[in-house]
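Pasting the structures in now, so scroll down.
Here chain A shows up in two complexes: once beside chain B, once beside chain C.
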Partner chain A sequence: MKFKKKISKNRFVQFFASIKLTVICLFLLYILTFWGTVAQIQYGLYQAQNQFFHSLFFLVFGFIPFPGAQLVMWVLFVNLICVALTRFIYYSWRQIGILIIHAGLLLFLISGYVTLHSSHESYLNLKEGQASNVSAAYHDWEIAIWESSPQEDPLVNKNHVTAFDVSGLKPDQVIPIKHLDLQLTVKKFYKNCEAYTGDQSNKILSASGIGRLEPTELLKEPEKNTPGGIFQFNINKNKVLDVILYGGEAKPFSFQGEGKTYNVILRLKRYPLPFTLKLVDFKKEEHPGTDMARTYQSLVEILMDHAKREKLISMNDPLRYTDYTFYQSSFSIDKMGNESSVLAVVKNRGRLLPYISTFVTFLGLVIHFVTMAIRSRKD
Partner chain B sequence: MDFGKKWIARAVTQEIKDRSFKIMTYYLKYYYRLFICLGMLNFLLGSGNATELRQYEEVFIDVPQKHKMADSDPHAFMGKMPQDDIHSNLNLGDKDLQAQLNQSVAPGALNWVTPNNWLEKKETSGMRLASFMNKDTAYPIETTIVSLAGKAGGVSANVTRWMQQIKLAVPSMEELENFVNQQEKLKTQTGADVILIDLTKWQKETEAQAPSMIAAIIEKEDSQIFVKMTGSRESVIKNKDSLRSLVLSIQEAGSQK
Partner chain C sequence: MIRKVFSIQNIFMLLLLSSLIFPSRSYAQGMCPLDTLKPKKVGSLESFKRIPVLNQGRIKPLESYAQNLLLLFSGKTHYKKETAVEWLARFLFAPRTTFNDKIFLINSPEIAEALKIEPDKHRRYSYNQLSPGYDKLKELAEAISSIDEKNQSVVDKEILRVYSNVLLFLRLSGAFTFAVPHPDFYIESAETRALLNLDNDQTKFSFYNVLEKSEPLSQVAKTLETKEHLLWTDAEKDIGRILSALDFWSQHYSNCPLGLIPTQSPENEEWLSPMDTILGGFFDPAYKQEIKALRDMAVAYWDGSQLAFDINARMFSDSVSKRLSPTEKKITKKIPLELLYNQFNFLAWAKLFYALGFFIFLFSLTFKQKKLYQAAVAMTILGFIPHALALILRISILSRPPVSNLFETFVFVGLICVFLGCILEVVNKNWLGLVVANTCGFILLTIAGKYSAEGDTMQVLIAVLNSNFWLSTHVLAITIGYAGCCVAGIMGHIYILQLLAPKSDAKNSEITYKCMLGILGFGLTMTFLGTTLGGIWADQSWGRFWGWDPKENGALMIVLWCSIIFHSRIAKIINPLGAAVGCILALVNVMWAWFGVNLLSVGLHSYGFTSGIATTLGAYVVIELLFIAVSVIWLGKKNIKF
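On to the complex of A and B.
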């Protein structure tokens, strides 16, 4: 008890335990939610989420700082803890409802934290008959390297890929890839650039005849940015190659070293899935007399080590598997009538936490109202 | 109701209340400490190394050729057509027309030797006698063998159509004839004349990914055999020797030099 008395007198704790701070935080969250939602029209979803919800603060009109939702939620988090430490020093059964509500609210903030740090969204684009065990990010990029291996079936491509994110690459950065006897040095890297054919005598190689890269302004919509760079590959410490890698290339750059063939490509980041997903059939129903899709659905086959099962994914009926959810997102039909389905893949380790938080808060409210009712009847 | 209250009051003694209270405060202390630790973890995660190497097994199962072609690929229609793209504008539902087309297919079976690095896909219907794909997925190509009765439009007309298919500007007739005359001339094992049309020569070296074609026309007395290899410019160049070996190995079933 001494510790609790002492801590309740701490000025920092007293400041953060203020109920006014709670009200201010809730009001700021209200403004940010409204503003962030409306701003999506102007900035797009990704930019608005980053500016209003994922940031600690941002500048209005370029010079007025305004707290972002992440900062507000951290303050609210500390506020709730401080309130619990100072106001509920003498825990009693009368306050059990309020305590549970507090625990539920804290769990809500924890859910937000877990979702922010452990969830990611990607997509899987498959033609009928195709299957894959990796999904692609919408706008994060990676450099992927693999050694060519003999493929038994030319239609089945299996590669052991080593990859790293390019978001933090800096010039002269050295990335050793010991298990492949390779060392990669970043000579130049641009987050958004344009590729041009050019003088091939500069001895810089590329997979598609690119001679030079020209950096361009970073666009607000991240999916419109195409990174590229010049990288030096040191193979087995005795062979050096300068290679241009560009995000717009469809094919990897292949090079030889000590009897091995390596492939390297700059591409959208791949996320391994816990199984291989095959698109068996895609069906689209149209509104009568129009080309407008009324409903579309994908029949997929989940291929695991020793088992497989089928599942029909439709617009309101996703496939759920552990932390993964596969939603029917989009489709395309090419000139030949080949149908492709695009599935949005969401991995969220904390997907159950909001439900648990809601239940805990609801339970706290029920207990609190019941105890209040009993007390009022007693009085 | 009163009975219930009395029962609860009797059951929940002061000792139980005190004990529960102690347990609750004990766990709440750790509950809040957990959140403080998470806050610290946030800062630690924020300073993570972005170039950390990741390793994963990537599996991609493709579908046969007709699904493989991209929209922009001028050869994307090849798989759908029961006949070669020479007939792309015809109404193939017309039974009479279909009968005429079937008659135009050169009779007689052919033999060939599939190049080492290629895989053959037997065609069971249509004008294609066979189609091939290579094992090197880094440089994918598709090759087809089609046999037509008669002169099948002549060399220049076929070359013009192929150039249009890969979106090359068609030159003047004089330039075209010069080009055809300069192409590699070969003879098959059975002595049939072969002309190897390399359309990559009309493209710049920097257009490595542009759709391209190298085709061979084997001229026989009563028919023509077309062996067409399509893919990106660099892919068809890489596979030119394999195409040449395939073409030279083609002979009528049962014939020997």
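On to the complex of A and C.
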């Protein structure tokens, strides 16, 4: 009893337990949702998502701060807990519906947090017959460095690849890679740029003869941005190389140092998968006499250490494997008629949380409104 | 079997030979004397309209096909006094009689101007009017189709639509030419007829007549191949002419998009036009029988012989349905249901009764009589029955849940609104539910009518929607939620009107207020369920529960708005009037989520061309805001607080 009273008198709790605050937050969320929808016309989904929903704050007209959806949801979270501590604990069984609703909503907020921080999306592009155990990011880039191995057969050799994220790179940043005896200095880095040949006199090296990079504006669709930059490699503290790395290059840049050959490439981030997936067959069915797809299907083989099994992935029927889920996302057929299938790979630890919260909240809503209806009939 | 193979080879040989002999002869198609002829027609097309046809991925009766085709061309489901199926029969069997029918709808007078046609007041033009400008139309359409779809103007899109309609008209107009006599196959010389074993009493033959004689034809063709052209006899020259015509026809009339005849191979689900079937394998006995039946139908149509027409139509349908795969058979068994659906315009009846019910209510405001109340109840029930029947029929015809396209959302939400209204009426018995039911039913069915004018309302579904489980859970829940919010919005209006009324009855408006909140709670519950189930569906098919897609956001906004109303009430920010205003705004919100977001043309839920709606939607929002502003100020003077 004492604890309950003490809590109710805490000024912080009192402030955050206000229902007026709830209304304000809901209204802000409402405005953000509308704004973030309309903004998608101009900025595209990705940027709108980042500005309005994933952010804590953003600036309107460049100087008026406005809370982002993440902050609003944090406040709602605190608000909900404070209300629970000050009001809900006094509720009787007659208000059980409200309690269940809000428990479900609390779980929703938690699952939002978990998803934001623990899930990542990537894709797997497989030709028929091809197998892979790494998926690629849609628009996150990395610089990968590895030492060439003496055997050139790609099936036999295994490379130990060192890779780092490029999203936060700044000019003059120094990145030591101790186990390779390398040091990398960022001279220039552009999130989106175009590459031009020419002017080799400035002694900047590149894998595909690029002479200079011109930064360009960031595009609406993040997957259309191609980053690039000029990097200085310091090998064993005595040899210095200036290298242009560009996201559009297919081949890695190779250089020598102390009898070793190093390879470096700027590429879409790779994620290792816990098993190898092989595309056996891709099938696209159309409604007869139309171009309209009725179903897309990929027959895949899951290759584990000593066993393999087949699974048919189709629209609305993904493959699930531990925290990973593989979805039929897209496909392509080249001029030779070779089919390849694009599978979206999603890793999400909190995948089931929204399912549970949906069920709980809905149950609460039903109980609440049914009891309300019955009570109002009695009156 | 051997004979069959041989025969099939025969026809290929024949066509091959004719193309070898006459490699470069371009064929100027002479004006057909049929132009001036008129078919005697048959009186009843009962047997014709139930013939199955595969169109846009779905097997449907020819009647539905006819309605959709005419709708596509002219925006109407009938031509003058002819029903769609009557027009279709005339178009297929005697195409030239339709060349002066004004069936091509061109909305923009600019296009008529560009094609050098006198703009028509009814905006509809005949093929003969359009054909002089055909080259221009083609040129424009080809230029436009190279532009990115986003940058095409409304006129551009209209040009593409008209062009594709004219093309479709042209291709379909050749579907039955094989069956009727044509000057290309007129054979004046008795010698030639004898050589081909043709009937010696007549001179006018059709493609089909000649094709039947492919064996003697190919024999002659083989001798012609080796013979010097100068040495050809007159009869042989005549046959040369016919061979060349056969070649031209087989190219000119192939690829016709009228799927009447299913193929014999079980893997190929496509259905072919008669001409394509002839080219693919005329000597397959089933094909041969079916083509003969179609030919005889055409002949009977010209002769006006009802009996022969019906017998052949039956024979054709029977032969086709015997060959269908089990799933296809299941669909063709639904054809009588679809004909029933077409025959009785259930939704129009429902709309009429709802309108009557509403007028009776208006009437009752001045004449308070019990009989009026009973009449209004009767009207609501009379509207509800055909409304529900229409949906039940659609469910069984399409074997899928009732909501899978925008048109169906209006019909279904309308039905749920009426149902909710009926429940309210049973509980309160004070006109409230009747008014709600009739208003919602009428308005939503009117909107549905506008959407059904865009073409077939029973289309097949794209891959991601092709899931009965999610269509029957997520989609139904969200549309029921929309219905709940719509009803609450309408009741918000009623509540305010009741307060505004000169002799306002406090008890009545209190009931309205309570019911409004109850229904809003129902709407919130169902919208919440629908939205989160949508998230689960998205998680199942794309791998993310929530992606801030415009349609998702629209639904979330409804949920947020409803909870804002409930929380503001508890926080004592608003009074009953404020809650009523909130419900009206919830209705505005539903409209935004329902079609507003489609106007943004971004995201995963775009349903296509809805640009005409923007103005209507804008006007609706303005009117609603004016209504709220005026009534709140007015009631403020009466000391009723927001």
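The rule is simple: the second predicted complex is superposed on the first by the 297 of 379 C-alpha atoms of A that agree within 3 Å, B and C clash if a C-alpha of one lies under 4 Å from a C-alpha of the other, contacts with A are read in each partner's own complex, and residues count from 1 in each chain.
Everything that follows uses one rule, which is that a contact is a pair of C-beta atoms (placed from the backbone, for glycine too) under 8 Å apart; a residue touches a chain by one contact, two chains touch by 3 or more.
As the structure is a computational prediction, the values presented were derived from the model and not from experiment.
Student: If we overlay the two complexes on their shared chain A, which of chain B and chain C does A:Tyr113 touch? Say first, second, both or neither.
Tutor: In the superposed model, A:Tyr113 contacts chain B only, not chain C.
Student: Thinking of the overlay built on chain A, is A:Asn50 touched by chain B (first), by chain C (second), by both, or by neither?
Tutor: Neither partner.
Student: Which holds for A:Met315: it touches chain B only (first), chain C only (second), both, or neither?
Tutor: It touches chain C, and chain B stays clear.
Student: So, does A:Lys20 touch the first partner chain B, the second partner chain C, both, or neither?
Tutor: Only chain C; A:Lys20 stays clear of chain B.
Student: Does the superposition put A:Ala293 against chain B (first), chain C (second), both, or neither?
Tutor: second
Student: Contacts for A:Tyr327 in the overlay, against chain B (first) and chain C (second): which applies, first, second, both or neither?
Tutor: The second partner, chain C, only.
Student: List the residues of chain A that touch chain B in one complex and chain C in the other.
Tutor: none
Student: Show which residues of chain C lie in contact with chain A when the two form their complex.
Tutor: Where chain C meets chain A, its residues are 54-58, 257, 259, 269-271, 460, 462-464, 466-467, 470, 514, 518, 521-522, 524-525, 528-529, 532-533, 535-537, 539-550, 553-554, 556-557, 560-561, 563-564, 567-568, 570-571, 573, 597, 600-603.
Student: Would you mind writing out the residues of chain A in touch with chain C in their complex?
Tutor: Result: residues 18-20, 22-23, 26-27, 29-30, 33-34, 36-38, 40-41, 44-45, 48-49, 52-53, 111-112, 115, 119, 121, 286-290, 292-296, 315-318, 325, 327, 329, 344-346, 348, 351, 354-355, 357-358, 361-362, 365-366, 368-369, 372-373, 376 of chain A touch chain C.
Student: Which of the residues in chain A come into contact with chain B in the complex?
Tutor: The touching residues are 74, 77, 81, 84-85, 91-93, 99, 103, 106, 110, 113, 117, 127-134, 142, 146, 148, 151, 154-165, 167-169, 173, 175, 177, 197, 200, 207-209, 211, 250-252, 254, 263, 270, 272, 276, 278, 334-338.
Student: Applying the document's contact rule, which stretches of chain B touch chain A when the two form their complex?
Tutor: 17, 21, 24-25, 28, 31-32, 35-36, 38-39, 42, 45, 49-64, 66-67, 69-71, 76-77, 79-80, 119, 133-135, 137-138, 204-209, 232
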